[in-house]
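I am attaching a structure below and will ask some questions about it afterwards.
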Amino acid sequence: MWSYLGKRLAQLVVIAFVISILVFLLVHLLPGDPTVTILGPSDTHQARQELLKQLGLDKPLYEQYFIWLWNILQGNLGQSFLTHETVASAVGHAAPIDIELIIGSQLVAVLVAVPLALLAALRPNRAFDRSATTTTFGLLSFPSYVAGVLMVDAFAVGIHLFPASGFTPITQSLTQNLRGVTMPIIALTLGSVAIYFRLLRADLIATLQEDFVTMARAKGLSTRYILTRHALRPSSFALLAGAGISIGSLLTGTFVIEYYFNMAGMAATLVDAIQQRDYLVVQGLALIISVAYVIINMVVDFLLTLLDPRIRRA
Amino acid sequence: MTGGGTAHLRSGQDILLRVQDLEVSFGSGPHRVQAVSGISFDVAPGETLGVVGESGCGKSTTGRAVAQVHRPDAGTVRFDGTELTTLGSRELRQARTKVQMIFQDPISSLNPRRRILDIVSEPLAIWGLGTKEERHRKAATMLEAVGIDPAQAGGRRPTEFSGGQCQRISIARALILEPKLLICDEPVSALDVSVQAQILNLLQDLKEERAITMVFIAHDLAVVKNVSDRVAVMYLGKLCELTTPDALYRQPAHPYSEALLASIPEPVPGSERGHTGLTGDLPSPIDPPSGCRFRTRCPYAQELCAREEPPMAEVAPGQFAACHFPLVKPGQVLPEPGPAPEPPRPVL
Amino acid sequence: MPDGHHDPPGDPRILGAPAAFSPAVDAEVGQVARHLHTSEPATPTGSTSKRGGLGVVFWIAAGWVGLTVLLALLAPFLPLQSPTFQDYSVVNLGPSTHHLLGTDDLGRDMLSRIIWGSRDSLVISIVSVVVGMLIGGSAAMVAGYWGRKVDAVLNAASFVVLAFPPLLFILAVEAFWKPPLKSIELWKLVVMFTVVAAPQLFRVMRASTLAVSNREFVVAARSMGASTWRILTREILPNVLPAALSFALIGIALAVIIEGALAFLGLSVALPTPTLGNLINEAAQIYNLKANPTAALWPSLYIFFLVVGLNLMGDRLRSTFDVREGNL
Amino acid sequence: MSPKADGQLRFPDVADLNGPILEVENLTTHFQSDRGLVRAVDGVSFTLDRGRTLGVVGESGSGKTVLSRSVMGLLQGNRVVKGGTVRYAGHEISALSPAELRQVWAVQIAMVFQDPMTALNPVVRIGRQVTEGLRIRLGLDRKAATETAVALLESVGIPSPAARLRNYPHELSGGMRQRVMIAIALACGPKLLLADEPTTGLDVTVQAQILDLLGEQQQERSMAMILVTHDLGVVANRTDEIAVMYAGKIVEKAPTTELFAHTRMPYTEALLRSIPRLTDPSHMRLRAIPGRPPDLVNPPAGCRFAPRCPYVQEQCRQAEPPLRNAGPGHQFACWFPVGSSEGEQALAYNLHHKVPAALAFTGTRADNALAAVPPEPTPTGDGEVAS
Amino acid sequence: MTRFGDRYGRREFLSRGASLTALGIGGTVLGACGTSSSSSGKVSAHPGIGSGTPRRGGTITVGVASDIDGFSPASSHWDATGLTYANVVFDSLTAIANDGTARPFLAQSVTPNSDYTVWTLTLRPNVVFHDGSPLNGAVVVANINALRASPLTGQALSPVTSVTSPSTLTVVFTMSAPFVPFPYALSTQVGYIVGLSQLADKNGSQNPVGTGPFSIVNWTQNNEFVVKANPHYWQPGIPYLDGITFKPIVADATRENTLRSGGVDLMVTRDPTAIVDLGSDSQYQQVSALDQKIGEPDMDFIVLNTTVAPLSDLTVRQGLAYSLDVVTLGKLFGGGISKPSTSLFQEGSPYYAPNGYPEFDLTKGKALISQAKANHGGSISFSLETIPDPKLEAAVQAIQQMWNQAGCDVTIGTIQQVDLIQNMATGINFQAYTSEQFGAFDPDLNYVWWDSSSAKGPIALNFARNQDPQIDAALTLGRTSADPATRIKAYQTVDQRLAADLPYLWLRIAPWSMTASTKVQNFANAGLPDGSHGFPFNGGVFNPTAIWLQG
């Protein structure tokens, strides 16, 4: 188990390293000049050169990379050229939004999908299953950006139930926070509900055909007990893998929703920074997002090994 | 390579396959499993060598290593004058045509997405032999030979066939290149008894017709006895005993052979031997017992067995066993084989 | 290891799954294989090779998607007004005989815009997924079949691409690549989508390839002296293709939606070319929603049914050929 | 008849039981499939006395597994069509609701499944799988349940049982897993044990151990047992009585020794003869049964074994033979039974006319022309097919 | 500059900042505006001006269109939001009254010498910063020196050669040349005075210390800016509110939704449809900048690169101008309130005069284009690009059709804001872009954008690169002449020359508006210390100092 974790960790380091190079190169090869955004298009060549020097952008690329890497290894992700806000602090403001949106939406999705799937799988192809399956198809085909527009119209503008925009940190006010994230979370949840439901339902149906379920029935255990204590866990591998992918894609996939609901999450901050050629912020955020992606997938892998003792040896 | 020994190998030119000190392992590090640890055997042309043992004894691995499907870690596999283990991939591909395999799971061994005629003629297609029509014609002939009507079956896919039929198709495919050696890896263990008999008969017939040499791997001693000229008993990656099937049945020399025999249920009421065979499980192949690997389950084990690995030795003419205390002592005269007890057979 | 019982019709186990594989094989192939051959509730006959086994729903969905594709293909030959022709005298009209689906805020014919819009949307989604599959799929087969180092390297590479924030990539390409010709704008998007799709398809197909590579018919082919190329194309490909196909269909559906999201950010095909995403984006603006709600409705419905159709097809294929998203 | 009181079913103590512990009457289990009704079990009747063992033998697809599950009432769902009655200890369990059946299972009737690899939940520790029945059905607390589980595992011959409770099924060998499964089946002290191919997935060496174990436990607990298998060798020495099934029906039933000594049904005989014996010399031709079991959706008219039977005559294809008595406890369903003069004549006639099935039966070389038996296309696949 | 409502770049300063820089402080932003606000609101006769007795207490939430990058006048890029924030925490030396004149604000007086080369400021006494430190000449000198040293703002003060503080409350600016509109400059980004502690603070741009009516509580970038009342504010009796929370909401639709859902009490927008909708809704009161008569309004226009063929050809530009139907565009996108424009100034402005700008005439346009074609290989093809904004995108599609009908071959596309600015500055890949600019109380603030000297070099602030000696002369005259009539004439000349040179094709006056829920009172009525009313709503910039809540 430990050697497995160690191996994955080594893998993480290698991937993060490769990604750091890619991010760095891509950002620095982008056409455009951060001094222009900082100084504006003034033609004082000297001021520009001075600024480049000040920002360390006059050094050779590889040197800049190693300086950046060295700083990161020391825990210093850098600082915005423009606002002088540190990347760490920007992440500090942005990440809670994504974390809440992602965890919230995935949690809601799972909480909705699991009981639905349990009920549907119990009697496949009956009325409930069919209607749940059909509904999820609808949800799957319902883009979050359309859902967001409609919900705001109905619940924010229409009945003032939720705010139309904005994020209140949870530390500031729990109720405000919850009201603010409700609609974005629902918009992000819809598709995930569909995916989770479908994954779990299919696996559950398969699992319920397994001998060990028959065996559990033959022990005289109740249906509810069998579903929750016997069938659910072995049916949830695909669900978990799906969650990994879903969460991974949400790391930047929340952008449209963040934009529409005016929440300065990681994706929105990243886009901003790219737009302004705020190199260090782009690099820092991109690296954090990538590493988060890899870590999430490794956590999922790890959870899979917990969930399925059979693959622990691997 | 320890112990084992090669006393049982026959000298002389007339040997089609000679495997010596074969070692195969899987995995790496602390989980390295030595599936086959230094076994040797040989097969003469036209002969059928049965390989029998519990699951996990390495018998299938041995078969695959001979066919170089899984390349061995050490040892030599000399087939028809060619050393297979040192062949480059190109030569190996060539050589492989002369060694064909039949697998345990008849359904899994046929590509479910291809048609029967294509599956059977595939080996010809691989080597570009003949035109497509010629290949299909030959495949049809082969299918007929294994008892499948090519007209009916040729255009279908494997999922439409039963296990028995699939096994026939596999056999047709294996034989279409006219191999010299056929490795049958548990070809009947997935089949029902009635079908098993059909397949065994078929193999027997084909062998006679085509003078095929076979290595027949199975866990069922009765099946192995039926088809083999010589039987090799394997235990935990090692060879225990090698002899003729009749000798093995009449007078097993190795305690493991004896136990194996005792375990076979006979469809004759009251035939149960008092002896229940083996107790316990196969030890872990990751960390096999020292000395004789069977000693942990052997009723006759002595202190010597833990210390020293017994080499193969001839305990009776043509009967070899790797045991410090063989049940047949060298020189001991075997009882004459009596007439085999006939089961009740009212008709015929 | 005896086993075996190909349970015949009537045996209850079959009520669930065609238990065509032995546990021995199962154990080897592991979890992936488990997923590969557990399935939707099969009929007691459990066969997958039946004709028409995809069901009516599939064919309805396929019919709808086919119609969509056909309309897109035939757009230049259909009696449609130019999708970009603006007639300021008929701005924001509802459906009428002249404009079956009404007009938008510039007086353009919605029907024409939707049909023409689906052209680029479909080109982007289909081409990128197909090319992604060619690239990701071949890499996957190589990785899955060869295993070991090749697999480790390709797998890590796919991880790198997957983990790289797609937004950064897309914006970077957007900034970098200024096609001299507007017609290339479309292909720029195709390239972006391909890069994003390829690693996903790689992972799906790698999982299937891993499962198939351990099957005995592959070993058999090898023992017959088949070359690696032949094994990959003749033995493995036909077996991973149906699964890949179902993912590809779902991927196409996803790409249509993502194109919409990019349009929302102004990153989709350049003006004035309509795409489904551009259309929704234009129409879902608050001022348009109020002035002309149907203009938003039609492209949304069109996307909805197209995506439902593709999803249904993919899902049907998947359940018929027993593949799980979980193998990603 | 045991009355129901406050929803609780009460069963008489087996020791006080006068009649048989199990009476199965005209049991049918059909499945609705796309192709039609699959007649998996088609009118099966038998009785089983307490403490006795019945072997049920047949090829794959003969319906033997469905039979055992039908007896237990495990088959539920809208595609299962049930008929006939099953009486356990005088109580008609075939009429019970699923909730009531749960009270019967494990405590009264338990089952050992074919493949421990699939019948044990791979992600649940052995401990819970053994104890959950004890806790939920018998109401033991955690501690008592664990102690009982340890004792149980010990009694089925599992070394260091306490440690095993923490293991997952895949960490045990096949034999150990099957022992665990037996322990689970025995946990709540059933009076009737259904063992469905309990050794099919196991090595021969382990098979013997498991069969011995089942025998011992049955003795100790004076359970009745139904041993379902395709291997006549397994039942020959371990059953009191054997029922041979073919295509959903019992075609011959007799006390074990009687069955082997005076086989009547050609199918039973063919099964026996197709098995290679250790006592036979090497390279002896086996007597194969040609063809394949019939399609249970459209079984052949008349005797269902007719197409594969070496004794077959025109009558067999027309009329289904009834179960006939041939001595105490011995029943068979055949118009031309083995050992009878009609049978011998029929076989001789068939040999003379080179009926393929008869030729195959003799084991002569010619029968490879089994090819002979035209390969009926199998419309759907599964089901053992000849060629 | 460009921005119709940049839905994408979250910070407007991208555009405005750029212009700023150049200009020094010039222009636009600060400029933005102009004049009298007119109400299109139907609720009250004087929306934005409170009636009754001001009530004390309460807080409001304000939706602004962007966030800023910091509070440092020397290094931050203040757009409309930046200046609004600055009005909250800082005070500028001068402020614009509702007649459009610059009045002393934090300064008590601003006096030039006879030739406008030396300006003397007297500071208001007894003013303290939020940290308790006093306002004095030394602080102002430190501020001005920091501004002059900054590459961002240095140019704006380029005429200033030295600044000194001869006494505690006196500051003297010495100029290299006459600088008549200097007081206007002091109402812009360079006129806001920050405390010494902020100047000394490395992170000063995030921790504003001002003399303003409110002091910072918390600023979370892109999320909110929270202020509380300054109890020691130098203007007696204000502010009335206990605090304000500003929420930057970039997307117009989201901002409007947030107002409608009660998430903000007051917001700024320039979406005509929203303005009309909200204006007709009795729940809201509205102040619009559309009727501004003072200075120059913010304009929406198309900027053409006059150095690159085919747009370098005046005939082509004329053809384009004639075939651009601004009235139809106004109908399509103006929500009924849009004011198509053909001039830098609005009718009614003192600077306004007929300028000869081509009126829509498709026939003429076609003729000119076909006439020009011969010189350009038979076709007039160029690209017109805009930032990603659905309304702008729709507009350029309509413009494309208009010009194509005139015989051009126009390609349209979108371009990210940052690239657009860079391309305009460098002239690379730049042919025709949509733009918004030129709002200013005094036209001099747009000096750099039009001067020939800034049309040359690798980076040009005169983006259109239009070189016209008459414009240069008029601009110099406007800057150095103190005579209002001369100045008016000078800027009318500029307007006429632009209409003749056609570097810019005017579309409409930018329809800025401020909308508040009914409880928000007096939101466009900040007073000035001399008793006059401050300029109520200057483009996107306003001063929330005097707001009070209805009971």
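Residue numbering begins at 1 within each chain, and the chains themselves are lettered A, B, C, D and E in the order written.
Note that in this section a contact is a pair of C-beta atoms (placed from the backbone, for glycine too) under 8 Å apart; a residue touches a chain by one contact, two chains touch by 3 or more.
Note that the structure is predicted; figures quoted are calculated from it, not measured.
Peer 1: From subunit A, what is the lowest number of touch steps before subunit D is reached?
Peer 2: 1
Peer 1: Listed by label, which chains are in contact with subunit A and with subunit B?
Peer 2: Common contact partners of subunit A and subunit B, which must touch each of the two, are C, D.
Peer 1: Identify the chain pair joined by the greatest number of C-beta pairs in contact.
Peer 2: So the chains sharing the most C-beta contacts are B-D.
Peer 1: On a C-alpha centroid basis, what's the spacing between subunit B and subunit E, in Å?
Peer 2: About 90 Å separates the centre of subunit B from that of subunit E.
Peer 1: How many angstrom between the C-alpha centroids of subunit D and subunit B?
Peer 2: Averaging C-alpha atoms per chain gives centres 31 Å apart.
Peer 1: Starting from the mean Cα coordinates of subunit C and subunit E, work out the distance between those two points in Å.
Peer 2: That gives a centre separation of 48 Å.
Peer 1: For subunit A and subunit C, let me know how many angstrom lie between their CA-based centres, rounded off.
Peer 2: Whole-Å distance between the two chain centres: 22.
Peer 1: Where in subunit C do residues touch two or more other chains at once?
Peer 2: 1-6, 12-13, 15, 20, 47, 49, 175, 265
Peer 1: Could you tell me which residues belong to subunit A and also touch two or more other chains?
Peer 2: Expected reply: 31-32, 153, 210-211, 214, 259, 271, 275, 308, 310.
Peer 1: What parts of subunit D, by residue number, touch at least two of the other chains?
Peer 2: Touching at least two other chains: 60, 69, 74, 114-115, 118, 203, 230, 380-384.
Peer 1: Note which residues of subunit B are touching subunit D in the complex, please.
Peer 2: Spelled out, the residues of subunit B in touch with subunit D are 54-55, 144, 147-149, 152-153, 156, 159-165, 168, 191-198, 200-202, 204-205, 219-223, 225-229, 244-246, 249, 259-272, 276-282, 340-341, 343-348.
Peer 1: Of all residues in subunit C, which touch subunit E in the complex?
Peer 2: Touch residues, subunit C against subunit E: 84-86, 88, 91, 105-106, 174-175, 178, 182, 185, 265-267, 270-272, 281-282, 285-287, 290-291.
Peer 1: So in the complex, the part of subunit A that touches subunit E is made up of which residues?
Peer 2: 31-33, 36-44, 47, 50-51, 82-85, 90, 93, 152-153, 156-157, 160, 162-167, 259-262, 264, 268-269, 271-272, 275-277
Peer 1: Taking the touch rule as given, give the residues of subunit D at its contact with subunit A in the complex, in rising order.
Peer 2: Where subunit D meets subunit A, its residues are 69, 72, 74, 101-107, 110-111, 113-115, 118-124, 128, 132-133, 136-137, 168, 170-171, 181, 184, 188.
Peer 1: Under the definition above, what is the set of subunit B residues touching subunit C in their complex?
Peer 2: Checking each residue of subunit B against subunit C gives 55, 64, 67, 69, 93-94, 96-97, 99-101, 103-105, 107-114, 122-123, 126-127, 157, 159-160, 162-163, 170, 173, 177, 186, 189-192, 219-220.
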